[in-house]
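As written, the chains take the letters A, B, C, D and E, and residue 1 is the first residue of each chain.
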Amino acid sequence: MLTATDLTCRFGPRTAVDRVSFALDRPMFLGVIGRSGAGKSTLLRMLNRLTDATSGEVQFKGTDILRLTGRAKRDWQGRCAMIFQQFNLVPRLDVASNVLHGTLSRRSTLATMFNLWPETDIARALDILDRLGIADQAPKRAEALSGGQQQRVAIARALMQDPAIILADEPIASLDPMNAQLVMDTLRRIHDEDGRTVIANLHTLDTARRYCDRVIGMRDGRVVFDGTPDQLTTGAAREIYGADASFSEKATSTTLDGLPPDTAYASTMLET
Amino acid sequence: MADAALVADVTARFRRTRLLALAVPVAILAYLAYAFVAFDVASLAQRARWDNAQVLLSDFWSYKTHVTRDNRSDKLTVAIEGEAKGTYAPGQLPDWVTVQGDVATIDLGQGHVVTYFPGGARYDVPGYGAIEITEEGGRPVLTAPEPLPDWISVSDNRISVTTSAGRFSYSRSKVETFRYQPGWELFFFTLDSPFHGKSPAELAALALWEPRIDPVRSNLELMANAVWGNKMWHHADVAGAIFETILMAFLGTFAGALVALPLAFFAAANTTPSRVLRFGIRRLFDFVRGVDALIFTILLSRAFGPGPLTGALAMLVTDMGGFGKTFSEALENIDEKQVEGIRSTGANALQRARFGVIPQIVPILMSQVLYAFESNVRSATVIGAIVGGGIGLLLTQAIITQKDWEEVAYYITLIVLMVMVMDSLSGWLRRRLIKGNPEGGHAGGH
Amino acid sequence: MVDIAFGPNEGPRPDPSSRHGAYMALVRRRRLYGAILLVIFLALMVSGFRLADARNAGGFWEGLPMLGAFPAELFSEAWRDRANLPGLLWQFLPSLVETVNIALVATLIGSLAGALLALLSTTGLAPWPRLVWPFRRLMDICRAIPEIVIALVLIYILGGGPVPAVIAIAIHIAGALGKLFSEAAENADRKPVEGLASVGATWGQRMWLGVIPQVAPNWLSYTLLRLEISVRASAILGFVGEGGIGHDLKIAMQWGQGRYDEVAAIFLLLFLTIVVIDQISGALRQRIVKGAHHG
Amino acid sequence: QEIKEFNIGILGGENAQDRMTSNECYRAKIEEALGVPVKVFTPADYDGVIQGLLGGTLDMAWLGASAYAKIYLTDPNAVSLALTKQNADGSTGYYSIGFARKDSGITALEDAKGKVFAFAEPNSTSGYLVPAAELQAKYGKLEDYFAEVKFSGGHEQTIVGVANGDFAAGVSWADGLGNWEDGYNSGAFRKAADAGLVEMNDLVEIWRSALIPEGPMVVRAALPADVQEKVIQITADLWETDPECAYGVAAGEAKDFVPVTQEAYTGIIAARKLQEGM
Amino acid sequence: MLTATDLTCRFGPRTAVDRVSFALDRPMFLGVIGRSGAGKSTLLRMLNRLTDATSGEVQFKGTDILRLTGRAKRDWQGRCAMIFQQFNLVPRLDVASNVLHGTLSRRSTLATMFNLWPETDIARALDILDRLGIADQAPKRAEALSGGQQQRVAIARALMQDPAIILADEPIASLDPMNAQLVMDTLRRIHDEDGRTVIANLHTLDTARRYCDRVIGMRDGRVVFDGTPDQLTTGAAREIYGADASFSEKATSTTLDGLPPDTAYASTMLET
């Protein structure tokens, strides 16, 4: 379904992503881990066509998405939603508008200038916000929301795109543990229920283990690990992080030990 | 399903913003339509005279040579732009003017030839025929193929012909032919210079190894002097004027910024709680902006007389109002967190301003000040005209005298170049300030 | 982000003594550069002032006490003829209205063009990065060519009237605002723009939704400042023979004694206009920054 | 009473160009005679010179007639009149000339009644002040006499405007020497015709003002008498001692610099006073 | 030593801090907990004189610091350092300058205007940065640092003030668990070794329990709990947070279970 072959990105002398290849044969929840500067963000940005790859190719259902330009490229971006660590919302616009931005690739520029959103889209945006439990924030400016709320708005925008793939770049790095769990649960449910592929960069191993179907470990731009969460032993992690024996993964844990996944909450959230 | 009331509320909100989004452009369009009618733009297209534009614009990049014969004294002069300084010496006429006895032949190119002969003149226009003028009883009489085209204008005392090759006119007192040629003639060497009319190769040879023309000085020095002291283009004066402009703009702009900066603190809501003081300072800025540069310049001229200092002071005062406004707005936009951080250490007001505020507004300040500097350099026409200095004065004069459009073009070119240099300079400075200096300023990679 | 290098166990502890030496050297170097820059700047200012003073007809210090002479002359006459003021205000009002109209149309057109030019020439936002340089130079040219020259050429084509003035002012404004707008846009946060790019928004949509809302307060205040300047601009409107309030002021001012009451009246009108524009600017900025009336 | 420096202001009237260089010789002569540094200022806008004289920072100036009138009306004792320029034909002035398109059928000012009439700009001596005063004296209120009185913005604009038919008639200036069809020997018509902007065959002269005097050279009244005398003497002798320099100072061909008195300018001053209330 | 009596702060109709009284008889590590909007920040800001109290008084060694004005008030601020959640550094200035700002209340205005810091101060600033492990960042701009590093710069600025009291407003809220531990350890060592009073607003109970000598719980501006960490039971926490029985404090835990406090590191850090 999605196949990356020798994907490479160079910034001047520096190779941020170095001949990365992987193939997903069915929709899955893919985690990408690796330490700061490993090239995780760059990889996702290339998939979304925010950064141009230096070489390599990415096949999605038969088309090489790296060759797309103009209209076709924007269509692809419309089908491949990105969730940023810093949310990347428009802070001065209200939450509902931010969610509606998810439909931009389908709207004409003129219509957006005059704020001409179809009422059905508005209703859908509100439904999605409602699923994520923040419908009552809809009229507020995005900048007035807390971090966890903003991240959920970003997810709502991604869902509004009705994407085939969701790329999430460290979606929980700036959230407190409670909000982090909420967001990861949401992403997992989106994968489980809608069958969408989710690719998430994660900083923490236990999150990767808990939520992912498959984990890719990157180091210095290269894939150094590719396997199931079970295979992600401490030894493998040391290899990925290039750490010595004193490394304790607990140091970066955000686990909510003992707390079972809050399925009750997640299901209220996702039923529409 | 989302709460129905909420849906209704949000949808209503969107309707309102949509209405606003539509109303603003509609209002603007309506206003422009009103202006369109009020300014009578519709009939403008018919009134437009593109030929005039042609004449005027061609003067920007071309020059004309007057070949004039005084009909009373029969004296022939060939002069660039008809100026005394551009008059060819009788023995050194350009190659397209030939004189044989009483007959002068002027080759305008493209087959157009004008001949002056005693008691008359003839203009051979290819594809039309010969226009012959003879003087009878003190009046010029025309013989030309009928019907007369509209580019020949005839009256009792004067006949004129305008073609693509040049202009020709015959009146009782004189006969004149204008030949237009592209370029800024005599830009480097005037006619009386030994270097006039030499090709670049010849000039290089002269400068490098040929014997000295003036035994006292090297040829290169002579050449430099000839260019510098060019009587048509006054390069030395222009350079002096540019220097004076930059001097005035530099003093005026930076001193204005230095005066406006502390005042701006008293005009910003977040640095001055007193409404009365703020109101007063703001109105002071408005007042200064309201008083035109012209008034300030006249006022200052009374005290200091004409000269660059008066110009600089006038710029200082006029910029102060604009700076005060933009600086105080920049101050109102600052991030309060940093100021609070400084405040929490027990810093006094000046220290808070120095460390909490100034670093934040420096990029805006810089861009405003550099822009004003540039703007003062380019547009000090009003001030320059009154205080008698700078490129603004030269430009005003060239425009007032209306004759030398190529000079206007020359000054504009210089100004454009100056603006470009300053734009690049300001961009470079801003990048340094915003992104930090290379030594240890780069963002840590994460 | 976890910095392993500075974590509890990892990373070498730097040797303090050598660090200090290096940083002290850096501080000294920076101080030296700072001092040199300051000295150069001050030297330029002082020598520039002295040069200008020497070239001036009157000296700065001798002239200073005379500063009040002209205003005194103006105000005493204006005060003497204060009875004329209401009539004069009324007389110049139509001129003000017409000037405001011309300035407004020119500012509208110019600022729209300037906004477009600015977005096209801002590194990082431009849709065609290769064309940034030509667009920047185009803006330089637009604002460097004096309005009077443009107006004059246009007058010969179009005849007198407001239109040449409007075009000349608008061209100038497009160049001037283009530069200022672009510098404001350069400072704008790129995160929202990137967020919009990731959903497949077109360039126009990215600019409209991602950049404009951020820069609107700044752009607005620059535009209104331009409007003010255009209202006062006397030279161009004088050249096109259309008059205008700025030109009336110039005429009255240059006439000198006998018309200082007119000067006072026109100035009052201009001042009020500027206060109004300043207040509008403040109110609109406030609205954009703080939000209209969100719950 | 000693002077420490001597400042000259020069206004070239309506056809000034490259004035800084052409006055250098003049400056040097005065500097030599007075023994103090001499500076020359050549603003294009007459207020620079006027304010300089009124404020006492300029010691001597060549003015336009109208500028002199303004100084005189502001402070009659500020400056004393010295010399003026005598033209090659012996006259000491130029004219404001009314004109119209030949095909409009207007041949005299009376024909222009009820039509659109253009002046240059309100501060121009020959483009407004003098003609307006004279016409008003003869025909009454001009707004009523003509359909509309407009300001074109400048002499060239008036000429082009009339030639284009934007105005039925207008005024501009010329020296009145030579032939109309050439645009006279010098003046705004000549420049417009030489530039090819108008065809003089298409225009006719319909009116001519009284002689407008050339501007005077004035010296600041408060200067020591010997300084005043020295400077005036140098200038009065200039055509005899150094014609090339005099050509530069006069901004063109002239015959001599001759003494001038207040009478020459009474007309202008009266015209200015008349306009004051308008 | 430090005694607050009936400290109250009103913003219009809203009472942010309501008759808060407490007394510290010796330097200690005081934690303030309470949910968002409880008035924790306002309390600290009043102590630092950033916000003016509506009524009440605060005695410190015999002077009522709320009555101080001008020079005396700035002296007090110099002795009472504040560490902000958002660091509140000057991002465009380099790290060392930011630290040197801590001496502003003692330096003459003129000298500081020209950035003329005594070399001994610079050396001390570098020493402090060194103690906190970020000496080599000294020439960088503050904005170029990661969050954890910036927070340490803020602490360095506070230490530079050589304060009697350090007020820390949610010093670890925007930090990842590892940096959070680092910062809390540092604050604790500063208290232990220099004997300075530290008052820290905290969002998380386990942090309060682990580091504080005494904990104050606030709710709606009022003190609803005041005791030792041991007394802070789940029941007490429910009371403070006004939560119902479903509240599990684990949800907001940032604990680094199993990792012993890194005394070795902390001691290298703090010896000078």
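We adopt the following convention: a contact is a pair of C-beta atoms (placed from the backbone, for glycine too) under 8 Å apart; a residue touches a chain by one contact, two chains touch by 3 or more.
Note that the structure is a prediction, hence the values are computed from the model and not measured.
*Asks:* If I count C-beta pairs in contact for every pair of chains, which pair wins?
*Replies:* Contact tally peaks for the chain pair B-C.
*Asks:* By mean C-alpha position, what chain is farthest away from subunit B?
*Replies:* Using the mean of the C-alpha atoms as each chain's centre, the farthest one from subunit B is E.
*Asks:* So, comparing each chain's Cα centre against the centre of all protein Cα atoms, which one is closest?
*Replies:* C
*Asks:* Taking each chain's centre as the mean position of its Cα atoms, how many Å separate subunit D from subunit E?
*Replies:* Roughly 79 Å, centre to centre.
*Asks:* Taking each chain's centre as the mean position of its Cα atoms, how many Å separate subunit C from subunit E?
*Replies:* Averaging C-alpha atoms per chain gives centres 44 Å apart.
*Asks:* What whole-number Å value describes the gap between the mean CA coordinates of subunit C and subunit D?
*Replies:* Their C-alpha centroids are separated by 38 Å.
*Asks:* Starting from the mean Cα coordinates of subunit B and subunit E, work out the distance between those two points in Å.
*Replies:* For subunit B versus subunit E, the centre distance works out to 60 Å.
*Asks:* Among the residues of subunit E, which ones contact at least 2 other chains?
*Replies:* Counting only residues that touch two or more other chains, subunit E contributes 139, 146, 149, 176, 178.
*Asks:* Two-or-more-chain contact residues of subunit B, please, as numbers and ranges.
*Replies:* Within subunit B, residues 47, 49, 52, 55-56, 298, 302-307, 382, 439-440, 446 contact more than one other chain.
*Asks:* Can you list the subunit D residues in contact with two or more other chains?
*Replies:* 7, 9, 39, 41, 45, 47, 51-52, 55, 57-58, 154, 160, 164, 197
*Asks:* Under the definition above, what is the set of subunit A residues touching subunit C in their complex?
*Replies:* Result: residues 35-36, 48, 50, 73-78, 81-82, 84, 86-94, 97, 101-102, 104-105, 107, 109, 112-113, 139-141, 144, 154, 157, 161, 173, 203, 241, 243, 246, 251-252 of subunit A touch subunit C.
*Asks:* Within the complex, which stretch of subunit A touches subunit B?
*Replies:* Answer in residue numbers: 36-37, 94, 96, 113-117, 119, 122-123, 126-127, 129-130, 135-136, 138-139, 272.
*Asks:* Which part of subunit C faces subunit B closely enough to touch in the complex?
*Replies:* Those in contact with subunit B are residues 1, 26, 41, 44-45, 48-49, 51-53, 55-60, 63-64, 66-67, 69-71, 101, 104-105, 108-109, 136-137, 140-141, 143-146, 148-149, 152-153, 156-159, 161-163, 166, 176, 179-180, 183, 186-187, 217-218, 221-222, 225, 228, 232, 234-235, 246, 249-250, 253-254, 263, 267, 270-271, 274-275, 278, 285, 289.
*Asks:* Enumerate the contact residues on subunit B facing subunit D in the complex.
*Replies:* Touching subunit D from subunit B are residues 47, 49, 52, 55-56, 59, 66, 82, 153-155, 157-158, 160, 162, 167, 171-174, 178, 231, 234, 237, 297-298, 301-307, 382, 384-388, 393, 396-398, 400-404.
*Asks:* Could you pull out which subunit C residues touch subunit D in their complex?
*Replies:* Counting only subunit C, the residues touching subunit D are 55-58, 63, 66, 69-70, 155-156, 159-160, 238-243, 251, 253-259.
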